[in-house]
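Each structure below is given as structure tokens.
First chain A sits with chain B, and in the next complex the same chain sits with chain C.
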Partner chain A sequence: MIRHLFTLIWNRKRANFLLVAEIFFAFVVLFVLGSLLVDNYRKYTAPLGYTYEHVWRVDMDPNGQPISRQDATFQRLIQHLKSMPGVRSVASTRSNTPFSFSDSSTDFKADSKSTNSDIYSAGDDMQDVLSLELAEGRWFNRHDEVAAHPPLVISQEARQALFADEPAVGKIVRAMDDKEFQVVGVLASSYRGRGEFQELEPAIFQRSENLVDPKDTTNFDRPRLLIRVQPTATAELEQRITKEIAAVTGGWKTTVTTLPEERTTRMKFALAPMGGMVLVCGFLIFNVALGLFGVLWYNISQRRAEIGLRRAIGATSSRISAQFLGEVMVVTTFGLAFGLLVAAQFPLLGVMGIRLPVYLASMGLATVLIYVLTAICALYPSQLAASVRPAVALREE
Partner chain B sequence: MENVLAQTTSRPQATTETTRSAASQPVIQLRDIEKVYQTKTIETVALNRVNLTINKGEFVSIMGPSGCGKSTLLSIIGLLDEPTSGTIELDGRPVKSYSDKELASLRNHKIGFVFQSYHLINDLSVLDNVELPLLYRPGVGGKERRERAYSALEKVGLGARTNHFPSQLSGGQRQRVAIARALAGRPEIILADEPTGNLDSVMGEEIMDLLLGLNRQEGTTIVMVTHDEQQALKTQRLIRFFDGSQVQ
Partner chain C sequence: MLLSYLKIAWKVLLRRKFFTFISLFGISFTLMILLVVYAFYDHTVGPHTPEKKVARLLFINRATVSYKEGDGSNNGTISYSFLERYVRPLRTPEKISISTYFASTAAYVGNQKLDVDLKYTDGQFWQVLDFDFVAGRPYTLSEVQSGAHVAVINERTCRAYFGTTSGVLGKTIETDRIRYQVIGVVKDVPGMRFNSYADMWAPISTSTQDAKDPSYFGDCMAIIQARTPADMPVIQAEFNRVVDQVPVPDPKKHAKVHVYAGNLLSSTVRWFNNNSKPDDGVAALMGKVALMTLLFMLLPALNLINVNVSRILERSSEIGVRKAFGATSGTLIRQFLVENVFLTLLGGVLGLVLASVVLHIIDSSGFIPYTTLTLNPRIFASGLLLSLLFGVLSGVYPAYKMSKLQAVQALKGGRN
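Now for the complex of A and B:
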């Protein structure tokens, strides 16, 4: 029967060409969109490397205070906030806080290896504020102020890029300006400051020192605070923090936002194009389904006499149904075979810079989806074919 | 509708068959067969209390004007359609007791069809067309299918045309392919619906000779619907139909 199906399809190759082409294009588009979606899903399910619940971000505007006094004010403010009831820990940082739309990166070298890494400024309490887990070494502390080399804590990706499988703690790393740093700790996982949809990239933390550079008059990258509050904290605490900051700093303007709010904003930006992709995908699938359904329905109505004949010579209605379904599956297989040939070029040529497992998963998903889609679209016309009364069908020709 | 119903009320009571050869063992028996096609607005009686027995090895022809129910009768005998009422027995067993699967198997093993318009699948070669009934027969492998199809084509004189497609053949050749397809399954009964209807007289004679040969040499039971009196007279028994009833 399989040979018969192939013979029939081969002999009808001109009639089946459009169907094969439709399936081919549908597969390629689904594969491309699927690759992007699967890649984003992979990123989404990967660990962030920190927790953001009950963490607030405080943005401050010195409101005209002379720059030479800002650093001291800032250090005093941190001490005051730490002592407030409801506040668990406070850490200084820069503008590239988690989920913010700000990022900063630089090149680092270690022996013969180098990498471009996101760089984050972090106070001594940042490990507690973001619940960062360490695999090796330690986090920053006040003893680092007198260290020979400024300390760094690096993520697993940075460790892999700079030291491969060798131990990293204690090693010297050079920045672009040849300034030397010493690795004091390695995070247990990745750190993805830009949120769930950021690629797993190297991340390096350096200890916050002079939060406000007196020579910097641009106010380009003002220091910020991340505060871990008690889980029971409410808006009342936010008001108290704002008042405390105003009191300690002598009138700095303050904006408090929570990291979950920041995450929601970031997610919206990331999900909007993905939603568009899903819509395009859905529209495409709907159109392909309509097209397939129409073509199959037409094919069956054109082949009623053949159906009648097959019934007359011994085919059961389920056999007729299976034959039409089988034909569609074989045609689908041809379309998918061409599609897979094209899809295989993506990882070989590195077209979208996506990892091989993602491409393979997308190929599998798109293949299954197309098979399911064609099977669904062929099911009703096939059942229709099976229900044709042979005597009526034979009379129709 | 009025006219049709009026006709059904004046059912002919006589059921006369012109028998030319002694009947032996009945293969097909129809008892009080009625077939009524019903739409929302009209009821058409296609067959009206038909009683008919076809014996093994008989060559029976059915004649009658267009629309008198000949093809409907053939469809019912061929298990392609169900009567509205009445019983059909095949080898003494009522077909009502058969499931769809059993009916399909009966059509495949016992019956071969030859149609006026050949009903060949244009996208399949002559050999593939002839193989078709064997495709639905469990236990027949590819090699045996090929051999039997080839042998059937040899019988109808088309052994050299196996790789041709129906569109490359004449009408007579196509009908011979259709007969080969019916023969490939080695059926006991061949039901032929106007097998020479689309052919010229020479081709028609050829096909008729082929069917007569099958009946005489292989003992195949043949029921043939025809408009051609000359051909009908060559068969062992002629049944005449008018308005859904046997009249002679």
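Now for the complex of A and C:
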């Protein structure tokens, strides 16, 4: 039966070639889109590593205050804000706060292993501000001020990359400029500052330093804070904080944004292109389906004589429709075979930088979808074929 | 002749409505998607308010300091002092404007916070760019020089802060606890125009920008207006000579300072690539876009070819008759191409209608703030061009196939 179908298709190879090409491209489109979606779904469902509700980001502009005085002012401000009613905890940070469009990464070495890691700067209260969970060791505290080596807290990914299964706490880690750090704690999971759609990459926290580098005063940063507020906090508290900061610091300007707001913006940026792609690909596939349906319908109306003859010599209507469905499935298989050949190059050449299981899953998904799609398109035309009455068809001939 | 071809084409379209629907659906949606993408492109870098004179404008918005060792570099926006020192004295430009990038500030309406994106500019800013003033006027060079606390605000801020857009001139707006007198109201500028976008514009002399700051990096940008479009390379050459002389911040560590003046497209691409290399990356981007467009059109084109091939076979007796009466392959190919282009142009018009609907939906959804995506003559022209390309792309193979039909077989109604 199947051999016979192959012969039938081979006889019409020119006409079928276009169908095969169309199915091939439809598969490739579905495969690429599927890979992206499956990969993003995997990232989305992975743990973020922190909580963002009721956390506010406070960006400040010293507004021309001499940089030599900024650090003292900043320390005073942090102590002051901590005692404000409605504020639970306050920690200084750098520009790469969660969901911001700023990131910073550097290389770290530990004995023989090295890795590139996102580097975050965090004050002593950051564990409470972002509800970070530790698997080993401890978070930063004020005794670290006088530690021989500046302390680090590393995420599970960074731990894997630098120490594999060996103990990590207490080990010395070197940065690019050979500055030595000591690991004091390991997070319970990963930490993904760029949000839900960031790859599970190593992340390392260092204890926040002075705003102004004491050795090089041209190297300075703006004061930034992350604040965990009580769940009942409103815009009124925001205004109060702004006024308080201006009063304590002598005129610093303040911008307050909430992390849920930032997350929404970040989500928009991640989801809009994905949504656009899904719409465009959906249109392409629908277009292919319509075309396929039209061509199959036309082909069957051309082959009425053949169908009539088969019916006349005893083929049942279900066998006729099975033949046409089978033909379409064989054509689809050809298209898919080429498609899979191309799809297999993606993981081999590492085109999109996605892991193998994701590729395999999306290959499976795309294959099933294409089969279902062609089957649906072939269903009506093949039923039409089955309903051909032999006497009528043969008389036309 | 052409008219009779078109008549035939119309009759064929009406004959099998389902096939016509498939073809037109494919063509119009393909073109709609391409047109929407092009509208976004045009909206970002085309000549629109306020960058109307886009062919005469150069933008300087990113600096790169490269390291001696490895291929590391520092990238960022430029400081006010750098622009004052190295851009302001340029001799070839007609006008030079220096401004900060917009930064978020907080104004309060009662207890409600209002985010106001504030951009500090010099007086030339209003001469180089063409804003649509709803009321009032821009601030002048002398007002900037004297550090007057005056501001131009956009309609949205005006409505949110004062509750009305009329009669606000002379009133004060307080943001980040600094009071400004409103002297002008302009139409909202789309956020994608990040060189000019803001909610409120104020004289740069009222900001904390320091002309003696030794750092090369800051949060400023420059816009240069050339006398004629032909002057642009001259200005770029002069600026490159100036930048070549700029000393590096630390001779032990740094190799060179790179800053380039590019047109709106080039500076936008540089902005998104976050660098300031000699190659602005426009050629690479355009290559990628062309490839993606072709790939995207391939599937609908294949579909159309498939449908077309089927439809031609249906007309084999007509072709047989024409061949028998002496029509050459060339004539038949031409006829079929004309028919197909007619079909795709029809689809193109439908696509334009669909695109305008989609653009309207995107505008009114407010997904991207202040966008005013509309169809304009450039988009219309590119739509027609694309449908022509599409028509030829999808018509050649079926037409060739049609011309190859043998007259005798065709008359019998056979295929292949």
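A few notes on this one:
Quick note on the criterion: the second predicted complex is superposed on the first by the 386 of 397 C-alpha atoms of A that agree within 3 Å, B and C clash if a C-alpha of one lies under 4 Å from a C-alpha of the other, contacts with A are read in each partner's own complex, and residues count from 1 in each chain.
By our rule, contacts are C-beta pairs under 8 Å (C-beta built on N, C-alpha and C of every residue); 3 or more make two chains touch, one makes a residue touch a chain.
Not measured: the values here are computed from a predicted model.
When both complexes are superposed on chain A, chain B and chain C sit side by side without a clash. When the shared chain is aligned, chain B comes close enough to touch A:395, but chain C does not. Of the two partners chain B and chain C, it is C that touches the larger number of chain A residues. Superposing both complexes on chain A places the Cα centres of chain B and chain C at an angle of 90° as seen from the Cα centre of chain A, in steps of 10.
In the superposition on chain A, A:4 makes contact with chain B only, not with chain C. Shared-chain residue A:280: touches chain C; no touch with chain B. After overlaying the two complexes on the shared chain, residue contacts for A:315 are found with chain B alone; chain C is out of touch. Within the superposed three-chain model, A:367 lies out of touch with both chain B and chain C [touch as defined at top].
Of the two partner chains placed around the shared chain by superposition, chain C is the only one that A:14 touches, whereas chain B remains out of contact. In the superposition on chain A, no contact is made by A:115 with either chain B or chain C.
In the superposition on chain A, A:22 makes contact with chain C only, while chain B stays out of contact range. Of all Cα pairs spanning chain B and chain C in the superposition, the closest are 12 Å apart.
The residues of chain B lying in touch with chain A in their complex are 71-72, 75, 78, 80-81, 100-101, 104-105, 107-109, 113, 115, 117, 119, 121, 123-124, 128, 132-133, 135-137, 142, 181, 185. Remark: chain C residues 18-19, 22, 25-26, 29-30, 33, 103-106, 108, 111-113, 176-177, 208, 210, 214-215, 249, 296, 298-300, 302-307, 309-310, 313-314, 367, 415-416 touch chain A in the complex. Of all the residues in chain A, the ones that touch chain C in their complex are 14-15, 18-19, 21-22, 25-26, 29, 61, 63-64, 218, 235-236, 238-239, 242, 246, 253-257, 268, 272, 280, 283-284, 287-288, 290-295, 298-299, 302.
For chain A in complex with chain B, the residues that touch the partner chain are 1, 3-4, 7-8, 11-12, 305-306, 308-317, 319, 389-391, 394-395, 397.
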